[in-house]
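Next come two complexes built around chain A: one with chain B, the other with chain C.
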Partner chain A sequence: MAASVRLLVRRVTRLSHGHVTVCPSGPSGPSGRCCWAPSSCRCFSDDRNTHFGFETVPEAEKAKRVYKVFENVAQNYDVMNDAMSLGIHRLWKDTLLHVMNPQPGARLLDVAGGTGDIAFRFLEYIRSQRERQRRHVARSMQALSWKDISDVYAAREGGEDGPRESRAVVCDINKEMLKVGKQKADSMDMSAGLSWVVGDAEELPFDDEQFDIYTVAFGIRNVTHIDQALQEALRVLKPGGRFMCLEFSKVRDPVLARLYDTYSFKIIPVLGEVIAGDWKSYQYLVESIRRFPDQEEFKRMIEDTGFYCVRYHNLTGGVVALHSGYKL
Partner chain B sequence: MAALLRGLRAGRALRGLGGAVAAPTATNPKCSSLRRGFHCAALRLQDESKPYKPPTSSSTTYHEHYQAHSTEQDTTAASQGGAAADPAEEEASRPNTSYQDQSGEQGEEYETEEQLQARILAAALEFVPQHGWSMEAIAAGAETLGLSSASTGMFYNGAGDLVLHFIAQCNSQLTEILAEQHKHVQLGQAEPKKTADFLRDAVETRLRMYIPYIETWPQAMSILLLPHNIPDSLKHLSTLVDDIWFYAGDRSTDMNWYTKRAALTGIYNTTELVMVQDSSPDFQDTWNFLDNRIQDVVNMATTAKQAQATGEAVVQGLMGAAVTLKNLTGMNQRR
Partner chain C sequence: MFRGVFGEFVTATVRVHRSLRHEALSRVVNPSSLFVRSFSDVKDEGGGAAPPPFDTGLLHFLVCPLSKKPLRYEAKTNELINEELGIAYPITDGIPNMIPQDARLIQKDAPATQE
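And now, the complex of A and B:
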């Protein structure tokens, strides 16, 4: 057991240095069957095979299996997030919102948004911005004459309700996740300005140039063709729109990497089994993290799609990276 | 007078700080791809001019290049500006050309990101009276250009970027005006002004550019005083003062170079402060204040010269008295 874990960790650290080289596995690791393709490039498009965690599967099958995974975890998704990340995922999502700094009137598309965390935070942020603006206007109105104030009231009643309302659309391929999200929204009484749409990230059911901000938080690694998802993002964004992606990424520091790997492969699947009763899904989760390209490569992919001013911030030492690009 | 001395001391202290900060950043000719941005453009603008070297005979060409580059940055006809720019400058401002070639069309007729950012900030200036110097103004400016308000995320410094852009624009306008006047004088079409008058006119012209934004100018000044903005704002200030003295005809290469610039910095800063709380018609009080301060400096210079001359005369008189005394007592005779 110790030997196979050591093998796994060594393999994982080699992977974490950005190479997608694969090597034959030893006898059964905790994941059961690990079929490695002999060379890395065969894992992707040519043979219509792709990776599902550390397995290789036909592309057509990957989407189905991902769907099954999230169907299984939907009910306990938020609880598991808190347990696995020790609540730090809230900070990551808050950081995403702070970096985004949305202006009132912005329209958000949250893809693979599932339970709606980003969309809720977005609406809260916009609401508090609006409050601040209103307070600012009220303060500046304090020295006005009666006539000016009544003019302002007349304008406000006659015209539209202030500037455009912000809207958030949560899009997910998985109906179960959306259902959980809708329930959360209803219980938190935050349904105003939210829409829930079923859609595939590789083929979004929206017209061109509809949204100001496109976010995908911890979802893009589950997509079969990441470049197609990026193309779709470029399509639905308005000119000047922003693409933001929060995703697990490679940890640079070797000490932290070791700790992280041990935690990922030994503790998370156990938590999954104990809390959600599903070892395999969380095994898939940590493996899919390892198969995702690292920060620089993902940045290159985003630039290749046609985004400008692409930057990334490392959060928690590289465990999570926030990539951002603009459609200019 | 006391106010001027305080201003001078403050100016000298700030310049000392600026000198320590400007030196390392002056050695940054190119920017890596990750630092593409307006800050990069501002740095390059400063590198084009000569921040702390005493002006040499080739400084005219430097100044024209600086003007040409900065006017190119600030015009709204970005595509024309792009075509007219120095080819070397275009290359330097697009360090990461490979991905742009791959993605086919560049979206804005070969405009660089810095040029687009400059355009957004120029458009945002219109909304400053309404929204103040803030991200809302930048968002409104982006929207007039047809871009989504999310593009304001490109400006990490937010309001600071807007204020610094405006200051750079004012400085380049002033340099153009001074160069025009200089050309007229050289062609003999106008009389050269006395130094005091020249300084007064230059500072007045420069401060008049703030008049449309005078309501919100205190907010802008406070933004410029934020610690991460101080290096940039000091650079702009020092370039401004340097330009004014250059066109005033200063070619000094000794301690005067520093004292003159310190004096003008003090005058400029104090006049700006007077201007933001001036409520007289057409800011007449401010211009009177400016006149008085410049008069003070001129008087001080004259007084210094007089004191020096008097001192020399006194010393000579004493020497003469001593020689006479030696003669009288017979000590001067040779035996």
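And now, the complex of A and C:
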């Protein structure tokens, strides 16, 4: 499989760059790499390291290990979220939706959406908005002329809901998480307007300028190259589109910070072991939170990518930060 | 010191009860997912076609992650084909898998390596 991937990448770089010196029927194995022109070496340079929690690992390995972590936790993910955050994660996600305030007809891309929490909330919100609009229209239409009534009937027959239906696409690199999410959707009967795609946040399988809103909730710290994920977010958003990111961040208040640290390092992995039978995954989780940049630095990263009006709200004293930016 | 003792106590308890607890808990935690799984199995068998239908509405904005070009849905093999690069992305359980490493190379008459 590695050989076919190499073939594939070779073909892609040949298409994208004008000239690449490629060995004819290159020898398989690591020695084949040295034939590549230096410009195309980037994808194979695994001498660069990155962090995996408090460990240092080669970049190529991080994605694999993160995949393993989420494959292990997928079945218990929602239960663990409730246990670890004492249910507060629901409030965080509800806040995200309120700040987003999506209008009917909006298209959402939820990256690293896994079990689909944000997408479900989005569809619910839009549905209740629609109901509110309908009620408002009905109330204002109390005294109608015959012409108005016939217009309403014509419009209803012509096309339900007039403007576009809103749509939510959940994209995640991990098949297990999406499977759990899809099962949830089917059991809650919420599959209308919802799509599931397995994809890489650093290389989204979507065309340019397709989405009104891009969200990533508690997923961006697991991405190996955060700046690439941000670039892709900018690409797939329409002009005027909004980027929103919920992520664990730094707590300013020292007392709260100490409490939070104790809770994170002493209680969460134990909960992970007791409930999910997996200490190490939850150890990775709390460590990866510590390695993620703080509010200001992440804001700078988002601005550097090309988003405007970037701001953040601290939730629960800074445990979670909601960053938002616009593509103009 | 108390913290160390407490920690040891916890790990000991956990280790002793882990197998029992894990089994019991998995029995507790999984029935809902089991129920859903069996429900969807029944649905699939009832429906006849083994893979659930793929939502072709997605094709409007789904593209190949490598070349960003549109894809063609092949119903027979249940895959999304990028003609230009000659790769096919599989669809499992109605969810398209757009990771390049999981894609299949389509062998054409002119071998791919020659060009």
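What we mean here is this: the second predicted complex is superposed on the first by the 278 of 328 C-alpha atoms of A that agree within 3 Å, B and C clash if a C-alpha of one lies under 4 Å from a C-alpha of the other, contacts with A are read in each partner's own complex, and residues count from 1 in each chain.
To be clear about the criterion, a residue touches a chain if its C-beta (ideal position, glycine included) is under 8 Å from a C-beta of that chain, and two chains touch if they have at least 3 such contacts.
Just so it is clear, the structure is predicted and the values come from calculations on it, not from any experiment.
**Q** As a test of reading the superposition: which chain, chain B or chain C, is in touch with more residues of chain A?
**A** C
**Q** Answer with first, second, both or neither: which of chain B and chain C does A:195 touch in the superposed model?
**A** Touch partner of A:195: chain C, not chain B.
**Q** Using the superposition on chain A described above, determine whether A:207 touches chain B (first), chain C (second), both, or neither.
**A** After superposition on chain A, A:207 lies in contact with chain C alone.
**Q** Considering only touches as defined above, state whether A:309 meets chain B (first), chain C (second), both or neither.
**A** Once the two structures are laid over each other on A, A:309 reaches chain B alone.
**Q** Using the superposition on chain A described above, determine whether A:187 touches chain B (first), chain C (second), both, or neither.
**A** So A:187 only meets chain C here.
**Q** What is the contact status of A:87 with respect to chain B (first) and chain C (second): first, second, both, or neither?
**A** In the superposed model, A:87 contacts neither chain B nor chain C.
**Q** Tell me which partner A:317 touches in the superposition: chain B (first), chain C (second), both or neither.
**A** Neither partner.
**Q** Can you tell me which positions in chain C touch chain A when the two form their complex?
**A** These residues of chain C touch chain A: 3, 7, 10, 14, 18, 21-22, 25-26, 29-30, 33, 36-37, 39-40, 55, 57-58, 61-68, 70, 84-87, 92-103, 105, 112-113, 115.
**Q** Applying the document's contact rule, which stretches of chain A touch chain C when the two form their complex?
**A** 1, 4-5, 7-9, 11-12, 14-15, 25, 75-76, 79, 169, 173, 175, 178-180, 182-184, 186-187, 195-200, 203-208, 210, 266, 270, 273-275, 277
**Q** Any idea which chain B residues touch chain A in the complex?
**A** Residues 34, 36-37, 99, 102-104, 107-108, 113, 116, 135-136, 139, 142, 145-154 of chain B touch chain A in their complex.
**Q** If you look only at chain A, which of its residues touch chain B in the complex?
**A** Contacts found on chain A: 99-103, 105-106, 133, 212-213, 237-242, 300, 303-306, 308-309, 311, 324, 326-328.
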